[in-house]
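Look at the two complexes coming up: chain A is in both, with chain B in one and chain C in the other.
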Partner chain A sequence: MNKLRIRTVLAVGIISAFVVLVALAFASDQPVPADSQQYLARALGETGASNRVAGIYLNYRLLDTLLELLVFSVAVLGVRHYLQQSEGMSLPALSESEVLQTAVSFLSPLALLLCAFFAIFGHISPGGGFAAGVIAASGLLYVAIAHGMKATETRLNPWRLALAEKAILLLLLAFVLVPAAFGKIPLSDLLPKGTPGQLLSGGSILIYNILIAMKVFIGAWLVIAAFAQHRGEL
Partner chain B sequence: MAAIVAFILFGLGILVLVLRRDLVIKLLALGLVNAASILFLVSIGDRPGARAPIQGPGEMGILADPLPQALVLSAIVVNFAILALALVFVMILVERYHSTDSTRIEQEMAREIDEEETPCL
Partner chain C sequence: MIARWILLALLPIVAGIALTQSRRLSAIIGMGLFSFMLAAVYLLMHAPDVAITEATIGAALVTAIYVLAIRRTGRLIVVADEVPSLMAREGDHITGLEYEILEGFAREIGLDLSVRFVPLRRVRWLIAHHEADMGAGGIVPLADIEGSLSATPTHLKTGVYAFPAGKAPLEAPDKAPDYEGYFSELASHCQNGTLSTVATSLDLARVLALSRTGASLGELGRVDGAFGYAFLVGKRRTELQRDYVDYLHRLRTSGRLDDMIGRYFS
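So, the complex of A and B:
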């Protein structure tokens, strides 16, 4: 399958999934708390997540979060598209000191570890997928500053990453549409809520956080890479 | 207090956005306006003696309102998207007109349009 066909399949899949999701979400009459005090009172029992904010944006208001991810994807697409079209510069890479390179070899694994922690424990402690993704992208930026953009890009192919970003969005949409196949309202949570405070609690929030972290990591990195390529080097 | 600071920052951002002609400064001001909005939203969710809204079953204490915090998350992501795209458009304009001055860019664009509309003799 050529590149254009893969892109077309992904684009059609994402748009179709969104259309079906919005149509089914509006057709449903799932009760949502009328004011914010009810969120505090009911969220723990209904979502199973100790982190009330995660409970709101990944359970009650999941549709908002999905559309927010779509906005993010469109921004990444736009930045890459317009920067590829413009002329760009070819500034030489600045050679970095050995001190920076050594520091980065300590800091970047720590950033990735922090990303994993925020994504996995986002429903029971401060954190979440968005913060985790940005932290991981910052960790990769350290590597790119210390070792150069070209060296980093030989390991991470931007085209494949862009494809993976869209595929994760499609996977997320497919995941939230699964309940419709069982005759339930889309976006409803099929997984058990578990004991609040435990790692395996909060239903699907853990899965959403991990997928969102991956998506934001790749998306933020693609934006950074597009700006760096346009300049020539970091 | 945080709400007052948010209003001051918001006003400052709007003033810079309107008065300064440099496009990059305008983008920074837009970022400031967004940060002020986020600060305001988070501040309205606060209550005296409230903790962050993370609490397991059986734990007692007053919690901050989680709803504005959940909305702020969307605001941050949308702000990132807008700033990244706007920065790309500014870069394209700078490459074409070799200036970040919005008035000068507008004059150059108007001149180009006039030249296109004037028939060659």
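So, the complex of A and C:
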């Protein structure tokens, strides 16, 4: 009990200090760094994406994003590999209440719709592939909680999903190398920029967002499925 | 601007509340709330992309994964044989002395009580195989407790009765269809002719239930010795055992245990 109190005091102290720091940063009138000003001024014209954040991480900093995806893939691979070694438990399925099942049947399609919206409109409004993928994985997780892992897995074969996840990564890597075939620098954007604010704008960002959403969705779901198998029925 | 300051001031308060919750589910919900408020702060700071990520990962996915993680660890899973007045279904809820004791104990250690009714012999198996935390339902710890199990201190005195060999009422299981699994052990022993051995472990509650079936109990005799009802716990669950012993001691010294017994067995 005493230990808990010390930990609580420590944690509240750290969070308070953090909040005070953030508040001070708010209050002080610091100049915005020159680079970011430049990015803000040029991003719209150069990337064609009215969401500047998407314009930066899927155009100027595409290599960083690809490496981030690679890290995510390695994490998924690691979790699946190490959890497959240990034997899964066979526990009786827990039945869930009708309230939860009804709520899930209402919420999961909504989550998938939101995923599609964030992925498709990620370059013109806040969102993007990463958030979209996580939303879809959460939606599927709710389905698994309400209807059981086994029922969900019979519809989504983990082996095929793992294959699809790797295929998407390969497709992404191949896509960024296409400019090299035309004598351009790899990672450069060949597609037309379009009118900012239109659906078909921002060059390849729309394609990246959709592929990343699919990849993150499958990856996050595979990790959850591996944890569930290891621990037993969800 | 004011909303931003209010949210910033509330963040450490919500974090403190989440950290000090003894019930794990409340702590997780507190953490989810913290994430939501942080997302609101990001939104007010004109960073909607970061806000969306914080809300989807912090408030939705991580919260759901934590809820999954505590679905087993956050519950006190009790497997029990159904015994009237001790642990029995009544309509859509469970009632009885043992249920009340365990419910209070679960609340005290910050867990949700989850009771599953199984036949008596499955109780021991499930505890021994770590698929449940405690076993209940009129368990009298006799000398034959297996190596991987241990019994808690008794919470209610009882008597143990035995039939002379071959004199057990073979028709009893057929006459008691009300309690699922209640006489399952008796039934299997009836079939293979070893009823006399299992009948020796009939405790008072089961004798009473047996008498309600209309079975002849004329030959039944009380076994000498002091017996009591207890719960079964895995031998390695020392922390759970210690917590329970403390809880039962407090329940006994405060007089609340006697009140409960009075309510169910007056």
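Quick note on the criterion: the second predicted complex is superposed on the first by the 195 of 234 C-alpha atoms of A that agree within 3 Å, B and C clash if a C-alpha of one lies under 4 Å from a C-alpha of the other, contacts with A are read in each partner's own complex, and residues count from 1 in each chain.
Note that a contact is a pair of C-beta atoms (placed from the backbone, for glycine too) under 8 Å apart; a residue touches a chain by one contact, two chains touch by 3 or more.
Computed from a predicted structure; not experimentally measured.
After overlaying the two complexes on the shared chain, residue contacts for A:Y82 are found with chain B alone; chain C is out of touch. Contact with chain B, but none with chain C, is seen for A:P196 once the two complexes are overlaid on the shared chain.
By the touch criterion defined above, A:L222 reaches neither chain B nor chain C. Of the two partner chains, neither chain B nor chain C is touched by A:A119.
Touch criterion met: A:F26 reaches chain C, while chain B stays clear of it. Of the two partner chains placed by superposition, only chain B is touched by A:D64; chain C is not. In the superposition on chain A, contact is made by A:V53 with both chain B and chain C. In the superposed model, A:F130 lies in contact with both chain B and chain C. Contacts of A:L44 after superposition on the shared chain: chain B is touched, whereas chain C is not. Where the contact sets of chain A with chain B and with chain C meet, they give residues 51, 53, 126, 128, 130, 227. For chain A in complex with chain B, the residues that touch the partner chain are 36, 39-40, 43-44, 50-53, 55-57, 61, 64-65, 68-69, 71-72, 74-76, 78-79, 82-83, 86-87, 124-126, 128, 130, 196-197, 223, 227, 230.
Contact residues of chain C toward chain A in the complex are 4-5, 8-9, 11-12, 15-16, 19-20, 48-49, 51-53, 56-57, 60-61, 64-65, 67-69, 71-72, 131. Per the touch definition, chain B reaches chain A in the complex via residues 45, 52-57, 63, 65-70, 73-74, 76-78, 80-82, 84-85, 87-89, 91-92, 95. If you check the complex, the residues on chain A that touch chain C are 4, 7-8, 11-12, 15-16, 19, 22-23, 26, 51, 53-54, 91, 94, 118, 126-128, 130-131, 134-135, 137-138, 141-142, 145, 220, 224, 227-228, 231-232, 234.
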